[in-house]
Amino acid sequence: MTEIAHRQNAQRSDAEVLAERLPALLPEAQTLGQAEIPKGTVARYIPELAKADPAHLAIVVRTVDGERYEIGDTEVAFTFQSVSKVFALALLLRERGLDIFDSLSCEPSGDAFHSIVRLEEEQGRPRNPYINAGAILVSGALPGDDPTAKINRLQSFLADICDAEPFPLDEAVFRSESATGFRNRALANYMQHFGRIADAKAAAETYFRQCSLSLTARQLARLGLFLASSGVDPISGQQVISPECNRTAVALMATCGLYDEVGQFAISVGLPAKSGVSGAILAVVPGRMTIATYSPALGPKGNSVAGLKVLQFLSDELGLSLFG
Amino acid sequence: MTEIAHRQNAQRSDAEVLAERLPALLPEAQTLGQAEIPKGTVARYIPELAKADPAHLAIVVRTVDGERYEIGDTEVAFTFQSVSKVFALALLLRERGLDIFDSLSCEPSGDAFHSIVRLEEEQGRPRNPYINAGAILVSGALPGDDPTAKINRLQSFLADICDAEPFPLDEAVFRSESATGFRNRALANYMQHFGRIADAKAAAETYFRQCSLSLTARQLARLGLFLASSGVDPISGQQVISPECNRTAVALMATCGLYDEVGQFAISVGLPAKSGVSGAILAVVPGRMTIATYSPALGPKGNSVAGLKVLQFLSDELGLSLFG
Amino acid sequence: MTEIAHRQNAQRSDAEVLAERLPALLPEAQTLGQAEIPKGTVARYIPELAKADPAHLAIVVRTVDGERYEIGDTEVAFTFQSVSKVFALALLLRERGLDIFDSLSCEPSGDAFHSIVRLEEEQGRPRNPYINAGAILVSGALPGDDPTAKINRLQSFLADICDAEPFPLDEAVFRSESATGFRNRALANYMQHFGRIADAKAAAETYFRQCSLSLTARQLARLGLFLASSGVDPISGQQVISPECNRTAVALMATCGLYDEVGQFAISVGLPAKSGVSGAILAVVPGRMTIATYSPALGPKGNSVAGLKVLQFLSDELGLSLFG
Amino acid sequence: MTEIAHRQNAQRSDAEVLAERLPALLPEAQTLGQAEIPKGTVARYIPELAKADPAHLAIVVRTVDGERYEIGDTEVAFTFQSVSKVFALALLLRERGLDIFDSLSCEPSGDAFHSIVRLEEEQGRPRNPYINAGAILVSGALPGDDPTAKINRLQSFLADICDAEPFPLDEAVFRSESATGFRNRALANYMQHFGRIADAKAAAETYFRQCSLSLTARQLARLGLFLASSGVDPISGQQVISPECNRTAVALMATCGLYDEVGQFAISVGLPAKSGVSGAILAVVPGRMTIATYSPALGPKGNSVAGLKVLQFLSDELGLSLFG
């Protein structure tokens, strides 16, 4: 952001600035993002994911004032994958409060998202709710007697937040997840060994289902608005989760949201965000907006290459970094 | 922060709010901090540090507008310890730019600050500049032909930033660090093995000296102001480091600044900060202020128990958390 | 062994020496072993195992010449547990030969028997067939379409070796193993993730069953005789496994047979051996004899305290150590 | 070994068999060993070592009866490197007895010889005296006030054992070791941090010197004879170390002597042995002989490729494996 833009921003409302600048910035962001795509590759470890079209790119900015700015493939559906971890955590925090941190920690792990090593060192207590182990623990603790009930509950929670139809389960992805999810089953069994979760099989299946819920970038930006608004959905005005729980979920995005690229992302973008292997990223600008990107070609750390580029560009241009 | 306070804040300038609220908040913060002190213990691993008075507590708020609010033992000197890592990094970034990240990474480690494990896995490339390994690498790369020259240069850099006399070296602490610093020497030698640093002995000695520089909480809050101000010291107006380098140093505080308590701190305080074993913490509120605390009794993760409490209280009361 | 005993031994056949000395040595060994029992505790992690009587102690020496020397509770049944790993390996080696080492290694792990850490580092390839991960891989690869068939096959193999009735499955222990074996299931799923095993569930269940086979110290010493005799059972004369496969199974006992006490055991006893958490140890003196001990009180590394003492005493007295 | 050979061996004395068979076996072993050389590469991490001639191959068999059978480059000098660890341990055991195992363990590490990871987990207590950390601890504990005195003492010990001139220090290798030994210095400093050694610098320098002592394969086989003879040098009849200490040193060769190839070696050769990066291997056949090989081309685990082949061949042909 130039000095002049900065000063101008200061003199006008946030809404005015965005309304003026985003229509021009989004196409530029799109072009920059598209140029990154050839550097990434679509996730292959779940066969169904490999079918995604690498050319897809969606960018959606949704403000707490209710505005939406978007470009590209914003109505292409993708599966929730790890981005779901934020919302499953939110539901669990609403139900159970911060006591859930008795059985999992809230620190960055420094390891790959699926690592089991630290779980051994730390007696089955996951490092945070956004690595796979922690997320599986959260899924297993969701309200409901079995995976189906838990997922129904999560679907209702999500639909209620944004006054939408329930996000459907992508059966093909779910079957693919379930057929290949042995590493996640290992994590679940390991945590059950240490008494951290009650039913490894149910927890893993819930997690596979949650990852297979399907939504669009437009929906994701809308869904996440409460995260940018102290836990209150700014459209409906309902308190989704308490401000304290919301701050917890968002702070964890800042320290643990982008796998082992979280430090680099804090430097280059400076926003709490959560990414997933389907190629989505949800970034939160507290008090102001969400930005959802979707583009399935991933870089070496498992994050969407176009998404990272788009977010860096928008953060630079609009001065969004929380770190100055 | 109550709803009313929030609305009031929005209607007035930051400076006005702080001027009104801090005179009452600081004594309250001090009382809360003092109540925590018995839960901690003064660092003992360096014999000299064990001599600190656990009853000491200093709180200094310094705004980018030039105001200072303070209470307690704000003129008691302590040694720089790990807080120095931010400023050594700033000097190196000014001299060499972001290329320094060729030889060290910028990700949270998930390990204790002095761990050597990941250094083995990652071929001697430290995880980030705020764990000991990374900081020693930075110290060894400071301009100057030998440890004395490097430290002189760092002292000048620091004195220039805040227009002060050079912070003196505490000789007793330095000798104590040097006499006991075998773990840090191990890290240095290990990095030299992998060709990451040129002279393990000089790097370690520079690091020991840098940690032994002595300053007060009042000086620390003043010194760090440029971090809250895009790299420009707001008092002198000089550009200490580029905005990009500054954002790097500050973002790393957010993801790697509080040892393995960084995730918890992001939740409870929500500010970039750097702590040290002498009991100091420097927190940065980008665009607004620095808060320096000093109290030598440390909790289990090596952070000042009173400092953590004070920062959480002020963040809550003033709505400082970056994460909503 | 005194100098004189040594010289005497050299002048007479092994059989003569044993016939003369063992009748006096065994009561002495028993007394020494019993004195150790209070230093250990019966395994508790599988509830059924905790019911064992800690006072039990059996010692059986079985020579390749067909002699048996024994004392104590030699007809008390215990479950096979990790001692079974040697025999499952032997069956698999007979069926598939040394090619099985394509999917598992043969090196000491340096870790606890149930560790999953190295499995992550080494892409799911277990360190050796006597740690749990490797043993589960072996169990899963046994001939047979499902766990029941695999176990039937193993039971036949064992019964054929020593011309006995099939060792029965202890249903209570099996249910207990299965109800608590989440750590082993985690290992199995982890190896399936890396494509090392085909069916984690079947492999784990086979392993639980194999561990739950029930036999006595008298039977164990008899069963293992082929290990001391180049793979040929010296009673029946049948070639159980090839000399090369036998040397592999026995050498692995020497380097990996006693969990993370294998180095200490090599020093104090100097024999290839395999221990299990039910309190059995099978030691092999190549070309000469087997020694089976059973006593359920375990030391900190999971080995029978009385068994260790007895084996050390007999090794010293009879000069059995392979290392001089 | 064929059945017939085995029966013949049994009917004659060991000495007769060796006298008859070795003259024909050694040339065959030499040919097999030479064919392996192209599969290995000379160690390069110490520049001086890279100057070794990869074509060199020496094989020396030395029996406890005083016979010597040899072929190839048996008078080419090489540096002691890790093979020295056995003899430094022997000297320390003689001086201090088995109490030295208070400060180091005796278990295989499962890690590379220079790994520092386990040292962190285990509070600076090395896994065994044959990995670098443990060997450096042993070197630092040798009698003598400084590295020169310690090495003089070690040289005298070695010369006394085999009634030879002191093995000279290869100054070029020593300087090369010292100039590049930062990894070993890291280990030493790390152990000093944990109070395991008193002077990291002196310990590392002693270790570098010890590794740089120079000897031939002929000398090595002779030097090690006491290891095959319960601690008594069979030529001079002197008790070098007690039988108990000797068994300790030899048992550790069996479980920890060949880096992370020790399990494979136990299977394929079945003898206690110690290898070094200069390309030497010393194998011990308790009660019978030593076999020293020298050939500098190393395989991926750091062991001489020709040496491994030669030892496997001789073990097979002469039935030397301790494991049947």
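Every chain is named by a letter (A, B, C and D) in the order it is written, and numbering of its residues begins at 1.
Everything that follows uses one rule, which is that a contact is a pair of C-beta atoms (placed from the backbone, for glycine too) under 8 Å apart; a residue touches a chain by one contact, two chains touch by 3 or more.
Every value quoted in this text rests on a predicted model; they were computed, and no experiment measured them.
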Contact distance in steps, from chain B to chain D: 1
Both-way neighbours, i.e. chains that touch chain D and touch chain C: none
Chain B and chain C: spacing of chain centres that average the CA atoms, whole Å: 56
Interchain centroid distance [CA atoms averaged], chain A/chain B, Å: 31
Between chain C and chain A, distance of the C-alpha-averaged centres to the nearest whole Å: 50
Of all residues in chain B, the ones touching two or more other chains: none
Set of all touching chain pairs, with the criterion as stated earlier: A-B, A-C, B-D, C-D
Chain B partner contacts - residues on chain A that touch it in the complex: 105-111, 118, 127-128, 227-231, 243, 246-248, 250-252, 254-256, 260-264, 266-267, 270, 272, 284, 286-287, 321-324
Residue ranges of chain B in contact with chain D within the complex: 115-117, 119-121, 182-183, 185-190, 192-193, 200
